[in-house]
Structures are given as structure tokens and as C-alpha cells.
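What follows is chain A paired twice: with chain B in the first complex and chain C in the second.
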Partner chain A sequence: MPEFTLWDIVYNLLLAARWTVLLSLVAFVVGGVVALLLLLVRTAGSRWASRLVRGYVELFQGTPLLMQLFILFFGLPLIGIDVSPWIAAMLGLTLFTSAFLTEIWRGCVESVNKGQWEASATLGMNFTQQMRYIILPQALRIGIAPTVGFSVQVVKGTAVTSIIGFVELTKAGSMISNATYAPFTVYGCVAVLYFVICYPLSLYARRLEGKLHNVSR
Partner chain B sequence: MAYQFDFGAILPHWKLLLDGVVLTTELAAIGAVAGVGLGILGAWARSARTPVISQIVGIYVELIRNTPFLVQLFFIFFGLPAVGIKLSEFQAASLAMIINLGAYSTEIVRAGIQAIPQGQIEAAQSLAMNRVQVFRYIIIRPALKKIWPALSSQVVIVMLGSSVCSQIAAEELTFAANYIQGMNFRAFEVYFVTTGMYLVMSIVLRQILKIFGNFLFERRHHA
Partner chain C sequence: MSLVELHAIHKSFGAVQVLKGIDLKIDEGQVIALIGRSGSGKSTLLRTINGLETIDDGTIMVAGKKVGDHDTDLLDLRLNVGMVFQQFNLFPHYTALENVMLSPQVVKKQSKSEARAIAEEMLVKVGLADKMTHYPDQLSGGQQQRVAIARALAMKPRVLLCDEVTSALDPELVNEVLAVVRQLAEEGMTLVMVTHEMRFAREVCDTLVFMHHGRIHEKGAPEAVFANPKTPELANFVGGLAG
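After this line comes the complex of A and B, so read on.
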């Protein structure tokens, strides 16, 4: 039987962690773009469209991420789209992220003083101009801390994709644990690696939050 | 050939799904009650003036909040037996949920406690209330009232998160779904229905927490 040193375990986990990081980045960036579009529909679209976006958000916030992944992974092939675990994971996590970011950013846009909308309308600005020059810059300042905070949730969410067979940090951990019979060490290392990725983000989010409070005081 | 959907294939297995709902509800209830309890304790410990205890709680909170629930679950279920702590699937799932929610609610409750004006605490002390009385009547009740919506959201998140407990074969709703799709190969239909059930559960849970909150923090009519 081959012997596994601690370094073997950590080294292989590090290789897999690249996929965790990549998946998080893709989900976060693409999800952010989708969320921005949804946000515009939510604030500017017709009542019907805005209600649709609300339903979308409710749906993703009210069901487990694992179920969303299962539905994509097993559902898409039925309508003729063959998906690998990687595609399903990416798609699922992107949709998940977009729903949550839409909700977070909506709160930020709404917290911008209503007078700002009225004043800019008085100046003859149309919706695009209002958003671009008046509302979003202010909402951005409020929104950056919770957005960074949410990125931690995205990184942790990637762990669930291991269940549909995407080999990222958690899945690699399970495989190594099965090979080495050292679950305590392996899952301990997996947890440490997640912590190393997430903790700086958490700290950064908290610092941003502190800054915002100091400014507004 | 186009795929023929057959949602009827799930009907014969309704009992399994129902059992799953019951277990998910049990897990959520245990997690919510013990987790929030742990959170209140943790918040109290953090606001106490003993640096060592406060720091230990702080480390616990950060460790849990910055690692995935699934990994915590695996560590408890697969890792702990290596150091002699063997837990059943249900015990491990409950413990993981309590520990997870405990960390989040420690932070949430702490935020509520920090929002209590110092003057109220001093006023209570000047009325000769002891520390326990101050904490119980002056600090924790208004604090909980303030953060109840945030706490409710977290409870719902943890309930939904319990779906990954299927991975250690805790027989909750997702496990039932996996089991059924293994029998009738109707994966999409089963997961679709199960997702709907989770959605209903989260809506119901949110309502229950809202009503419970109203009941708990209802303004008492003082003379």
C-alpha cells in the first residue's frame, strides 16, 4: 500500500482548490453581470417584469442550492443539452449568485434617498442617466461591503457542487480521504484551505463596512 | 425521441417523501432551537469582559463562518470517529446544524446587543438589577426583537442547507429524493417536486418564525 505524507495530501488538495477558485470567480463575475441586468429590470421594467424578477429571486432563495444543481444536471439532458458536472456547476452557481446579488443590490438602490431620483428627474435626466450618474455611484458605495461579504457564500457554495461530481476541493477531499483512510487529517486540511480562501474576504468585507459607517457618521 | 415527463411515477413513493419532510423538519427544529440558544450564549460570552473566553468564541465563529457546511458535516461524521467520537447520521447532521447556526447567530445576536444604548443598561443597574436580570430583561429581549428578521433568514438558510445531509445518509428530504430516483430513474421529476416541497417549507417556516416573533415580542401592556 502506498504511503501518503501530509504534503501529498495538501499538494493534491491545493491542485483541486484551483477549481474551487475558478468556479467561484466565474460564478461571481457572470452572476454579477446577470444580477445587474435583473436589477435594472426590477427597478425600471414593467410591473409584470419586475414581479417576474422577484419570483426568480424568491425561487433561488427559497430552495436548496443542491436541488438547483440536481435539476440542472438531470433536467438539461432531457431537453437535449448534454451537461458535464463542470457546466452544471458553473450554470447553477451563476444563477444562484445572480439571484442573491440582485436582492442585495436592490436593497442598496432603494436605500439611496428618494429625493435623488426626483432631483435628477427634474434636471431632465432619463432612467439610464439617472442610474449611471446619480443612483448607481451612491448605491455602489453602500453595496460593496455586503457584496464582498456574499463572495464568501459563493466560495462556500462551490462545495455543494462536489455532490454532482464536480472535482473541486471538497470532492478531492472525499477522494483522498477514501484513499488514505485519514478523514480527520484530510477534512481538517480541506477546512483550513477554505478558511484561507474565505477569511481574507470576510476581513475585507468587515473593513469596508467599518469605513462606510465612519463616513456616514 | 422526446422525453416523456411522468410525474405520476413519484406518487407511489409519497410516503418516503413525507418521511423525508418530517426528518428535515426535525433537523431544522433541533438546529434552530439549540443553534439560536448557542448563539445567545456565544453572544453573551463575547460581550462579557473575559478576553480569553471572548477570543475563543471569536475563533469558533470565524472558523465556522469561513468554511462550507458540507465540509463541517464531513469532518464531524467521517473525521471525528478517528479521535473516538462516533455519531449516528442523525446525530452528526444535528450537531453540524447546531454548530453552524450557533456561529451565525452569535454574530447576529451580538449585533443586536451592541445596538442596545448603554444608558439603558446603566439605568437598569441603578434600579439594583443584578447581571442576570439586566441581561434577561434589558439586553437580550430588545436585542432579539431587533435582529429577529435576520435570525429568521438564517434559520431558513440552515433548513435549506440541511439538504446536503443526504451525503452522510441522514434520511431527510433530499435523501428520499435520491432514493426514489434510484428506483424509478425519474431524476428530473423527483427533484422538481422535491424542490417545490423545499420552497413550500421555506415559505411556511418563514411565516411560523414571523408569527412566533410577533408572539414573543408583542408589546406587553404595562399599567
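After this line comes the complex of A and C, so read on.
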């Protein structure tokens, strides 16, 4: 029976951690773009469109991420679309992220003083100009800290994709643990790696929050 | 033809009827003050003139064009009608100069140098030549309000609406803002203001409009309105001020 050194374990986990980071990045960036579009529809669109976006957000906020992944992974093949674990994981996390970011950013936009909308409107600006020059720059400052904070949730959310067989950090951990019979060491290392990814994000979010409270512009 | 013509304006907020049929004509160069108790509908009336409040019934004509519900109509309207708010509403992330420059650049597509020249001219006019690079939170309330006036003027509106522009100011800062408004009136700017500064209204305006329960109750030259109120409501209002 082969012997596994601690380095063997950590090295293989590190390889798998690349997928965790990549999945987080894709989910966060694509989810962010989708969220921005949904936010614009939610703010500017007709009552009907805005309700649709609200329903979307409620749906993803009100169901476990695991169920969303199951439905994508087992449901799409039923209608003839074959999805790999990677596609299902990416799609699921992106939808999940977009729903949460839409809601976070909507709160930020709404926290911008109503007078800012009125003043820019009386100066003749249309919705796009108001958003671009007046509202979003202010909402962005309010939104940076909670957005970075949420990115931690996305990183931890990637662990769930191990269930549908996507080999990221957690899945690699369970595979290595099966081979080494050293679950405590392996999962300990897994936890440390998650912490190494997430802690700097948390720290950064906290620093941004502190900064935001000190200056108003 | 008058610059602004309001005809049979009706407006309700839910079950509360705020404007019950307002007719008002505003001529070029006229300086009008809307007075009355809080809740009489004067701020709402002012805000219908530039479409910040939609109306339930009636027509609004500005510079000969009927104001409709379409966005393009509203944008058109707002090029003619400037507004200054009680709470200033300066853009906190821009300097005083940028606040004034932004709309000419973005809405009127003026070049940066053009917009800058106009903005500087307007800020000098309101006495803030030395504060151009300051952000709103580095300015006093009176200075912020003067920037707001300069910002509205930079769009070269034909009429300027002033919604209680001194009500949020500390007493010692009121006069610097009123001085600017007075100067505009003297230069022939068309002004419609909601104000509680009765002495100022009396000195600067050529017409006072007294509103009561959503209607125009009395209207006339300041001296006449103050000296000989025709209705008990106005007499009461004027008397209440003196007491």
C-alpha cells in the first residue's frame, strides 16, 4: 500500500483549489454582469418586468443552492440537454450569484437619496444618464463592501458543487481521504485552504467598510 | 402668449385631493411667489410645472408646447424649466464646478471647455469663485444652495422654480441665498418660488399667489395682497405672520 506524505495531500488539494478559485471567479464575474442587467430592469423596467426580476431573485434566495444544482444537473438532461458537472456547477452558481447581487445592489441604489434622482431629472437627464453619472457612482461606493463580503459566500458555495461530481477542493478532499484513510488531516487541510482564500476577502471587505464610513464621496 | 400656462390642474395623492383645479399664467420676466400654509398644495403645484409630479387632469403648456406624458416631452420641458430644491440635492461625488458642468456636457452635449466656461461664469455670479474645487460636504448650506442655483442656471432655463430654497438653512445663511435670488429677479429671470420669507416675497415678487386647500384663493401685487386681503383665510394667514 502506498504511503502518502502531507505534501502529497496538500499538493493535490492545491491543484483542485484552482478549480474552486476559477469557479468562484466565473460565477462572480458573469453573475455580476447578469445582476447589473437585472438591476436595470428592476429599476427602470415596466411593472411587469420588474416583478419578473423579483420573482427570479425570490426563487434563488428561497431555495437551497444544492437543490438548484440538482435541478440543473438532473433536470436539463431530461429535456435533452446534456450537461457536464462543470457546466452545471458554473451555471448554477452564476444564477445563484446573480440573484443575490441583484438584491444587494438594489438596496444600494435605493439607499441613494431620492433628491439625487429629482435633481438630475430636472437638469434634463434621461434614465441612462442618471444611472451612469449620478446614481451608480454613489451606489457603487455603498455597495463595494457588501459585494466583496458576498464573494466569500460564493467561494464557500462552490463546495456544494462537489455533490454533483465536480472536482473542486471539497470533492478532491473526499477522494484523497478515501485513498489515504486520513480524513481528519485531509479535511483539516481543505478547511485551511478555504480559509486562506476567504479570509483576505473578509479583511478587504472590512477595510472597505471602514473607509466608506470615513468619507462621503 | 405666456411662458407657462396651467389650466385646470387636478392632482390627488390617494384619496387626498391636493390640487383642485389650478389656473395660472406666468409671463416672461414675471416673479411669482406661492404662499400659503403647509399642506395647501403650493410645493406640489410647483413640482407639476416640471413634471416631477404627474397630474390627474388639466393641461400644462410651457413655451407654447403642451407637456405630455412621454419621456421626450419631459426632457424637452426640463430644458426650459430649472429647479432649486429645499435640500440642495448637489451631487456629493462631484466638486462644485463639476456639479455645474455635468448637465451642459451630458444633456446639451457641450464641449468640456464650453461647459467649463459657463460653469465658471455661473459660479462667479453666485459669489463662489473661490470654491469651485470644493466638494459639497466642504461647503456651508448657503454655499451649497448657491452652487445648486448656478447648476440650474448653467442649463439656461427660461423659468426657474425655487422650492423653499432657504428653509433648510441656518438663519445666518439665509440672506446670501436670497441675495442671489433677488439679483436674478432684477436681471429679468422668470421665477416661481414657494417661500415662507414673506418680507422677501413682498420686496422681490411682482405677484403673490395665495393657496388654500388646493385652490388659488387670492392673487395680486404684493402690496394689495398684504394690505387688503379680500378673504378671511388670507387675512388670517397674513395676521398669523404678524403675530
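We adopt the following convention: the second predicted complex is superposed on the first by the 215 of 217 C-alpha atoms of A that agree within 3 Å, B and C clash if a C-alpha of one lies under 4 Å from a C-alpha of the other, contacts with A are read in each partner's own complex, and residues count from 1 in each chain.
The working rule: a residue touches a chain if its C-beta (ideal position, glycine included) is under 8 Å from a C-beta of that chain, and two chains touch if they have at least 3 such contacts.
Everything quoted here is computed from the prediction, not taken from an experiment.
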With chain A superposed, do chain B and chain C clash or fit?
fit
Quick test of understanding: once the structures are aligned on A, what is the angle at the Cα centre of chain A formed with chain B and chain C, as a multiple of 10 degrees?
100
In the overlaid three-chain picture, which partner chain does A:21 touch, first (chain B) or second (chain C), both, or neither?
neither
Between chain B and chain C, whom does A:104 touch in the aligned arrangement: first, second, both, or neither?
neither
Check whether chain B or chain C contacts more residues of chain A in the superposed model.
B
For A:121, select first, second, both or neither according to whether it touches chain B, chain C, the two together, or no partner.
second
Just to be sure I read the superposition right, which of the two partners does A:175 touch: chain B = first, chain C = second, or both, or neither?
neither
Applying the touch criterion given at the start, work out whether A:30 contacts chain B, chain C, both or neither, answering first, second, both or neither.
neither
Who does A:68 touch here: chain B (first), chain C (second), both, or neither?
first
Once both structures are overlaid on their shared chain, how near does any Cα of chain B get to a Cα of chain C? Whole angstrom is fine.
25
Chain C contacts chain A in the complex at 50, 52, 71, 75, 78-79, 81-83, 85, 87, 89-93, 102-103, 106-108, 135, 137, 148, 151-152, 155
Contact set on chain A toward chain B in their complex:
59, 61-68, 70-71, 74-75, 78-79, 152, 156-160, 162-163, 170, 173-174, 177, 182-184, 186-188, 190-191, 194-195, 198-199, 202
Residue set of chain A touching chain C in the complex reads 113, 115-116, 118-126, 129, 133-134, 137-138, 141, 216-217
State the interface residues of chain B toward chain A in the complex, per the touch definition above.
3, 62-63, 65-72, 74-75, 78-83, 156, 160-164, 166-167, 174, 177, 181, 187-188, 191-192, 194-195, 198-199, 202-203
